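Chain lettering (A, B and C) follows the sequence in which the chains are written, and residue indices restart at 1 in each chain.
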């Protein structure tokens, strides 16, 4: 996927969250966003997912401009798979129904075909036993993996992950990261916001370091993580990587 | 065990009923204070009217204090039967059916059932009402209610608990006629001249009496003695002048015999 | 010993035998209380006259059932519409809904019945009092139900709405597939409770002479003077309607307990 961002600005209630995000066209499969909390990572991701509108600026995916109007955004969301930190699934539906709902109602897939797609994906990711269960009966890790299946079932152009493992314990974190790793190996395109820096380093093609609403450092992983020229980035990496 | 249980219950209930010495207990007289000028409340909220004065006079005669228990009309006989009240003085008609449940004293008022009809209803008499398409309204538990159920079966019957509601139904044209006692029909017509007519000629004669629990022969005798004495010393004439002065003259003009 | 009388800590609670045993004790004590109370006041039970009028009880019960069922449907519709109105971003619509709810919840049903029937229905030329009765009850219960539904809708966390948006559901689709299924399951228990209240509240319609269960029992009482024999079947009749609903409510509450 090719991503280009031009002078993106976003503020909430007078607070400037994104302060002129600038990204010259980057072609990569896996783009990772890192940085301190409140730096703007989630906001940027939400804009790229079509869930928020910036005040100023533009975004291009594969050369195509993302138009920030209701109908184009709705179209965009249908072609993008998003996984949030938690509360992705609808508690009153089974895991299977959570997958088939967007397939049948949003993408017009027939009921049988949708179920087949869902079940085959479940098989692939060792979730078949849990298909009929409700989210309340699943562990956190299983829930997130089902959420990821939901995101990929619609055959999206790319995926967006917003700290998918932040609410999980180490063991569940591992199972989710494994799955994301598998997706990477398949060659899927995705943007990942995470604070698991070692994992990010192993997966990423391109890394963006965000702080105070700006991209302070960007580049291939080894540059951002080890040989950063920007002082704020170096400080962050030194501190956090010490404990990884 | 069961003996103490029984005594325990008796104690609880006796306390609840406030049973003390019979003689010092006030005489409880049941009436529905919604029937001016016989049973009503004065602006200060105290019971007033013909029946209230009569009740107090009776109390004086018997040497007992009197307490008025305001009870809905259809609850008076049940209250008498269960002992919640000792007497019923509420402009109640003595009917053979009611006499199966309670005893009545000698009559002290002679009146009858009349009709209050809508001004456009075209009702000329009680016979006019016994047709499908006619609507008759009555007050729950009154002789009007009984009469309508038995003698006006073809009309649609509306049963309400309050006299004022019955009158409102006629005034609004929801009912063709209200069957009630002559005096009240007259007074309600007076208050609603633009919307109602009154057919005062009674289609059924009635007389009112005091209600007494069955088996209370001594009380029955006392009340009858009182009524006789009260009438002979002009008590009823006094009551008529005080509460019903204007009515008395109006009825004299219309040519109807007055109730007392 | 304790096993027979105390609530058990085992899963599923005490056994059926223990439950039945303790329930029987409570019922027997209650019955004994009533029995001794009646013996004390020497109430003479006469069931025959009431048995003669059994058709009135049956008819009245069926009318109450019909009225309640119709008002149930009506109030569900009113409640749903009002809940959506109160969530509307159009201020006029929002405020209209809020005003309606506050007015209904802040005034007694009795007052609403009288005002609606004698003023509003009259102005609107609504003749049929049964239709008026259903409308009144629907408007009354609808206000309470709208609050229950609104709470149910708002209890659906924003994160779910966000999730729905992210996967491309339109607002209408979100309501249909995400909000309503969950809101309905959560509000079903309080809704069922509201319906039980509706059945009991329908008894007030007797004051505008709707011939439902309570009025019929009152009429039987007026004819036979057998108050307790009229009103005990009345209470039992209402229980026959409300008890199954209450039990069903409790089953519903247990069924829809899933973690969100």
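Here, a residue touches a chain if its C-beta (ideal position, glycine included) is under 8 Å from a C-beta of that chain, and two chains touch if they have at least 3 such contacts.
In this text, all values refer to a predicted model and were calculated from it rather than measured experimentally.
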| item | value |
| --- | --- |
| Pairwise touch network: line, ring, star, complete, or other | line |
| Furthest chain, CA centroid comparison against chain A | B |
| Inter-chain centre distance, chain B versus chain C - centres from mean C-alpha coordinates, in Å | 37 |
| Centre-to-centre distance between chain C and chain A (centres being mean Cα positions), rounded to whole Å | 49 |
| Distance between chain centroids, defined by C-alpha means - chain A, chain B (Å) | 84 |
| Contact set on chain C toward chain B in their complex | 32-33, 36-37, 40-41, 43-44, 118, 122, 127, 129, 206-209, 211, 215, 218-219, 221-223, 225-227 |
| Interface residues, chain A side, partner chain C - complex | 49, 51, 74, 77-78, 82, 84, 86-92, 101-102, 105-107, 134-136, 150, 154 |
| Complex interface listing, chain C residues touching chain A | 157, 159-160, 162-170, 173, 177-178, 181-182, 185, 258-260 |
| Of all residues in chain B, those that touch chain C in their complex | 5-6, 9-10, 13-14, 17, 74-75, 77-78, 81-83, 97-98, 101-102, 137, 140-141, 145-146, 149, 158-161, 165, 168, 172, 174 |
